[in-house]
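To keep things simple, chains are lettered A, B, C and D as they appear, and every chain counts its residues starting from 1.
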Amino acid sequence: MKLFERLKADAAPQWADYTQHDFVEQLGDGKLPLECFKHYLVQDYLFLIQFARAYALGIYKSPRVADMRMSLEGVKAILDVELELHIELCGKWGMSRDEIEQAPEDTPTMAYTRFVLDAGMSGDLLDLQAALAPCVIGYAEIGRQLSAKGCDNDTNPYQRWIQEYSSEAYQSLANDFSSWMDGTADDVMTERRYPRVLSLFEKACRLESDFWQMGLRAKV
Amino acid sequence: MKLFERLKADAAPQWADYTQHDFVEQLGDGKLPLECFKHYLVQDYLFLIQFARAYALGIYKSPRVADMRMSLEGVKAILDVELELHIELCGKWGMSRDEIEQAPEDTPTMAYTRFVLDAGMSGDLLDLQAALAPCVIGYAEIGRQLSAKGCDNDTNPYQRWIQEYSSEAYQSLANDFSSWMDGTADDVMTERRYPRVLSLFEKACRLESDFWQMGLRAKV
Amino acid sequence: MKLFERLKADAAPQWADYTQHDFVEQLGDGKLPLECFKHYLVQDYLFLIQFARAYALGIYKSPRVADMRMSLEGVKAILDVELELHIELCGKWGMSRDEIEQAPEDTPTMAYTRFVLDAGMSGDLLDLQAALAPCVIGYAEIGRQLSAKGCDNDTNPYQRWIQEYSSEAYQSLANDFSSWMDGTADDVMTERRYPRVLSLFEKACRLESDFWQMGLRAKV
Amino acid sequence: MKLFERLKADAAPQWADYTQHDFVEQLGDGKLPLECFKHYLVQDYLFLIQFARAYALGIYKSPRVADMRMSLEGVKAILDVELELHIELCGKWGMSRDEIEQAPEDTPTMAYTRFVLDAGMSGDLLDLQAALAPCVIGYAEIGRQLSAKGCDNDTNPYQRWIQEYSSEAYQSLANDFSSWMDGTADDVMTERRYPRVLSLFEKACRLESDFWQMGLRAKV
């Protein structure tokens, strides 16, 4: 069994809370208040800056050049592409680049990102991957599920977001990440270590749920 | 002006929210529900483990042996003394060591501790000190204020906690920390850097308030 | 004065030892034994892998997205371009990719690279830059000087190496690095901190000289 | 088999080079020139400062409080005891504290210490232990062997050094370290990972040999 599938099964309640969160449901049926989405999107921009640091940590932590290149793809995807997409998307809703970059980090943003960075710094590459996995692979599952239900229709104001994460490009990136984590686990995973890896995964799922909840709380 | 006084003045709202939080008020007048205090105390135990890691990071980050020794005092205080005091205190309210050590980390515990660890790892010793200061010095101020108001009287179930942090030993530790931070600032602080240091301090204050709030939320 | 010029002036003996090292002189007049150059080149490949980790650390350590992007350019330059150039160049002298990647790290390679990584991890971005600067900017100065003396002529077996580091592209990269370091220094440098920064720079120069010496020692 | 015994067997040549180095032989028969020993001792002082940082990293990296306490013992041993012993010992040969603390770090000192720090930071606790082991356990073996041969007699000017490392206290510390490493390996070691751990151990042995060689080179 792939490590990700095992983690997902063993953290089933946390995984369900995260991937079937109210925020996701409302985003899927288009009823999510725009204020909630905008707050989420700005925080996700600040989140991505920290995630680029986490992928950079992956380069630093990699025992092999091939691993370094996998992490480099993650850094590039964020710094060269995703940040600008967020600026564009936010621009459509009248938010300026300055407004986004100057926004204060909300607590759930700090909580999740610093947790991942510390998990990676204090542990090894597998610990970092386990803490990153709920975000990287979870968004792919959410995108795929919403798309399968037809939520990415023209009437949904969040169509583009769903299309982004259900896209072949993103699905492929998530699959590559999962295989990369398997490769690392083949080298360094032991059964006695597994509970610690699972604990990182579970905590990251909980912190993802808190991140959605932060979006819902933004309703005016 | 001491750096701490400047930071406290410039982060006055966050400092007030934290040091005059409802949790603190209720603890002072003895009306804090025991459930709230117990939840706080168990989480504070988990918090201290991470803070010992942060002080260890201070040793790693220190440019001078004298700085290493200051950080070492912090590690020793936690690993050799404070953790056992928590176990004792918790024991009085019927909680076992196992119950405490196995408790899951609540989100505000993760948020604050990982923020400090990442601030210290990504920055230098001054960044680490600025992120630690609200906890180390703030508890001294809270203890002093509650004691000045006579809250540490025999009828207050939280007398011992107030006595601990209003004690000469703790007040002295907090003063030493403040002077140590001044010494570091004398070496490496610039006006252009100050806003970043202030931002770390403000965020740490906010995360302390969230930590108290977590205690209040535990009311059954 | 630019920070680099100040460091270079204050570490004049170490800078001269490094940039006018016998290895450099012999490389310039084409008399460097091929065995020496090959040993250097293989070790430089292993060196670059660690330097990619150091630039990744720069991303992790950056307080601003603009700084992250500067470091990212360094990682990309190594992982996407330079490593393959080394493999090509080594191939011309009959060394296979495997032979290069499996070569054991020589002590001077470990000494210099781990010093830079630790300087960066224990300090802040300026410390990392100061430890990287002798390599990044020194190679540009060496390339420029050798080219100015006409050493990059068709009879020199090391023509291509000289052309690489005297090229406009590399000179520009080194200039950008120097300006980037100035920008960081504008924010965080103090006079009391300067001796520590200078010490990092001096040590890195010494470790560069040791790296050349390692090449010379390889003579059979 | 204990992990240490396996590593020692698989790195037999490097282990022999290190533990039976000329410096050790001459120290044992008392013929080591005093200049060599003094240079070694001053560099060992600078070395210990970095090793205290490495043990502090062990606290930071520990997944359990018990592991944190093991690392804390290492930090305390250096900062509270060993540094002062070096100052005393150096004092007997006319070196002042200032002379020692202001001595420039020699390259082999930088090479070994920064290698250990980077191994620990980029990997996990086992990687750190594998890089520390040659020093911690090797000195115990050297002390034991020299003592068994009667080298710690009254005519040997290096009697005290030999007594220190053949003492029950130090032998016990080294045994505890070895058991601690076994405990970590029980949790996280895999056969596919072993070659990487062995590589760290081998490199650390080589860097120890270089450290002795630096002492011999100091002969005037």
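In this section, a residue touches a chain if its C-beta (ideal position, glycine included) is under 8 Å from a C-beta of that chain, and two chains touch if they have at least 3 such contacts.
Worth saying up front: this structure is predicted, and the values here are computed from it rather than measured.
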{"item": "Chain located farthest away, centre of chain B as origin (C-alpha)", "value": "C"}
{"item": "Geometric centre distance via CA averages, chain B-chain A, whole Å", "value": "31"}
{"item": "Centre distance in Å when chain A and chain D are each reduced to the mean of their C-alpha atoms", "value": "43"}
{"item": "Chain A-chain C separation of Cα centroids, rounded to whole Å", "value": "36"}
{"item": "Chain B: positions in contact with at least two other chains", "value": "53, 60, 121-122"}
{"item": "Category of the chain touch graph - line, ring, star, complete, other", "value": "complete"}
{"item": "Touching residues on chain D, where the partner in the complex is chain B", "value": "49, 52-53, 56-57, 59-60, 62, 65, 68-69, 71-72, 75-76, 79, 83, 101"}
{"item": "Residue ranges of chain C in contact with chain B within the complex", "value": "60-61, 63, 121-124, 127, 186-190, 192-193, 196"}
{"item": "Touching residues (chain side chain B, partner chain A) in the complex", "value": "53, 105, 107-108, 110-111, 114-115, 117-118, 121-122, 203, 206-207, 210"}
